[in-house]
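Labels run A, B and C following the written order; every chain starts at residue 1.
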Amino acid sequence: MNKILETMNLTSGYGDITIIDNISIYLESSEIVTIIGPNGAGKSTLLKAIFGMLPIFNGDVKFKENSIAGRNPSEIVSLGASFVPQTENIFPSLSITENLEIGGYQRSDNFQEQLDKMFQLFPELAKKSNEKASNLSGGQRQSLALARALMLDPVMLLLDEPSAALSPVMRQFIFEKIKEIAALGVGILMIEQNAEEALRQSDRGYVLAGGKIAFHDTAQAILANPEVGQLFLGIQKEK
Amino acid sequence: MDFLIIENSYLLLTATGVMNWFVGFLTTFAIFAIMALALNIQWGFTGIFNFGVVSFFMVGAYTSALFTIGPPGEYENYIMGFELPILFGWFAAMITSGIVALLIGLPTLRLQRDFLAIATIGIAAILRAVALSTEGFVNRARGMNGIPRILGDVVSGPDYKWVLLAITLTTLVIVYLLVEKITASPWGRVLRSIRENEETTKSVGKDTVNYRMQAFVLGAMIMGLGGAIWAHRMTSIDPEAFNDLFGTFLIWTMVMVGGNGSNKGAVMGAFLCCTFWFGFPLIQESLPDILGNKVFQLREISIGVLIILFLLYKPNGVIPEKPKISRHL
Amino acid sequence: MEEILQLVVFGIVIGSIIGLGSMGLTLSYGITKFANFAHGDIMSLAMYIAYFIVVDLGLMGPTVFSLSFGWGMFLAIAVTIILLAIFSIAIDKLIYKKLRRDKSNIVTMAIASLGVGIIIRAVVTMFWGPFARNFVPGIHEAVPITGNILIKPDQIFIIALTIVVTIVMYYLLYHTKLGKAMRATADNPDLAAVSGININNILAYTWAITGALTAVAGIMLGIQAQVYINLGFNLLLPMFAAVILGGIGNPWGALIGGFVVAISSEVSTAWIATGYKPAVPFVILIIMLIVRPRGIFGSNI
């Protein structure tokens, strides 16, 4: 057991409105964990609270055994965590290489090495390295967003709906990349609307409803659970 | 008042002086309160970022002047000069300001808020340039002189200031009651919801640009009225007098200090700012010489500091708007 | 034809001033997202700081290279750049920072900036009076470029300085880590923050660079025209026009926008009375706002 992330009774929200209440989850190295749940359940709020983008009303967040509650995103990044927002997750007017340079902003050494690693992982980006990011297609943008987040060699990656607005082929591609990244030893916590597809790639899953954890099990168990399937996955199938 | 005359002639001098100043001050306050109420419709209730208040101040003043003044004499060169009754001048001022607002609003009201501010502050500069540069329009930099006084042919002498005060205060009361009624109406509620969230308001089927235009034009008409009263009160106006500091920023300060979205606040803000602005030069005597002749700059510095302090520490003003937002339009 | 060419030359000189001023305005606009209505007055402040150094302190020195001024002006430019960089950061920390924290919208910040502008104008008037002054008294002779088209050595200096500053800015924004971080922050501040960039540092650097550009533009304006408090504010509208023309946050767009606005204003005087010249940038502005509010070149740096 190597928990890199652990939230303890985490409560957070916007202004004085509580959105997520008493959340306790954990993440291990190399693990892919998906949080599913209906719209408005507080999935994005949870990720933002973990990453220091929202105030924590109660509870604690531990990253590599140390509390990161109250730290700002730039400090959390320097500790080895990374975050990919759902939308606007690239710098459109910067070139591909510049996007990755910003990803590695806190890096002082071996920048070129890491850049080459990213271009190996995402060869389609290497071909366009000097082009503006705004010229990229949807799937390439998502690749760039992932690559940017990996520039500092993080041990944990938070992904906000990485497959949203992608074609089925591109979704498959991105999920494969996510598995490759996890295989490198990175723990991945993601939230997903395409719940069934995401759970098939995951080790474990949490079901978030009404700001609380409603259910927690291995991904296979959740997929096999008729109750959860009907409540949270059936909706996806009908789409 | 008579007892003052008997008691002490020296006191009479000062007391009359104080009285005169105070009557003049209240008249000015009433005009500015009308302007502040007008801006409150645009900014306070609707969120229209009009940085060109002085444009409508100026249009109203010039329109009423041109309709009511006599034909141009020697060395003068302006249009119209119809010698019409002052009430007609006021009416024309409101209509003209409304039309100017409509013309300005058509291209600009769709813009995002700060763009609108840039556009409206620009229009004020253009109007001044036109008034200064166009021969045979409004007498250029020489300005309009000899604008008739309100009821000037009926009252004169020391009584005039009282009549003027009574008329401006009455106008203020009428404008206040009108604005209160309008802003409390369902129409006013739509304006507030536009200010809070234009997208949501649009989504329930309200043509928000149209509502913004209505509020912009209504506010401009009232500003035009304020300008008209101002012209007849001053009896001479020129383009340089309508600067951004005096005609726009001061009125903005009133609304921000008073509490935007509150009509009582706008009037209170006008009173506080007028007291500050017109009372400030009175401290000149008590300042050391080195500062005494800088009293006008000190006043400008103080008003700048005042608005910044309010924005920082009392953003809702002295009389904040009561929350009236309803979720149901 | 010669008249038009002469006006174009003059437009290039004025365009240099408006262009550099707009570059500063657009950088802070792009990152802070609010329209700084004090920008013109800070430009005026720059000329008075320079005036204080070269005239009040008497540091001008003998004239150099046929220019109307001496080495003291170069010193004044350097000192003013530093002072305005510090001043711009200080205003941000004192006023705008708190308004940002209070989630005040861009409108509140714009009104506050108008207040800052009014304070600056009043303070300058308090110390130097309301009348126009000159860095150097007397008329400065113009020299012919070709035929009857003339230019003053001071104006050549203004154009040359603009080229130098533009090259420095290009290097800074495209070839330094700070510049790339600034562009990233203007592009997407939230993502810049989760990439580990300290946004407050970037804001401070942006204000410093804005202050420096404003200093150079303001002093150039004082050299070209006069040292007069209203000059900066009068350029506010042309600068906003240039900024919107070039796309908010885009310094090259702002520079080109500055030339477009200035040259068209100057050339327009061949047909319309000089008094209407202020209307030209405004017409450009309104057309841009209606037709292409994101600017000709887009809002990207």
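One rule holds for everything that comes next: contacts are C-beta pairs under 8 Å (C-beta built on N, C-alpha and C of every residue); 3 or more make two chains touch, one makes a residue touch a chain.
The model shown is predicted, which means the values in this text are computed figures rather than measured ones.
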Chain-touch separation of chain A and chain C, in steps, is 1
Where the centre of all protein Cα atoms falls, which chain's Cα centre is nearest to that point? C
From the centre of chain A, which chain's CA centre is farthest? B
Go ahead and note the Å separation of the Cα centroids belonging to chain A and chain C. 43
Distance from the mean Cα position of chain C to that of chain B, given in whole angstrom: 32
Averaged over CA atoms, how far is the centre of chain A from the centre of chain B? Could you give it in whole Å? 55
Once bound in the complex, which stretches of chain A touch chain C? 51, 53, 72-74, 77-78, 82-83, 85, 88-94, 98, 101-103, 105-106, 132, 134, 148, 152
Going by the contact rule set out above, which residues of chain C touch chain B in the complex? 34-35, 37, 95, 98-99, 102, 104-108, 110-112, 114-119, 121-123, 125-126, 234, 236-237, 240, 244, 273, 275-276, 278-279, 281-282, 285-286, 289-290, 293
Going by the contact rule set out above, which residues of chain C touch chain A in the complex? 177, 180-181, 183-184, 187-188, 190-199, 298-301
Hey, which residues of chain B end up touching chain C in the complex? 47, 49, 51, 107-108, 111-115, 117-119, 121-123, 125-126, 129-130, 132-134, 245, 249, 252, 256, 294, 297-298, 300-301, 303-305, 307-308, 311-312, 315
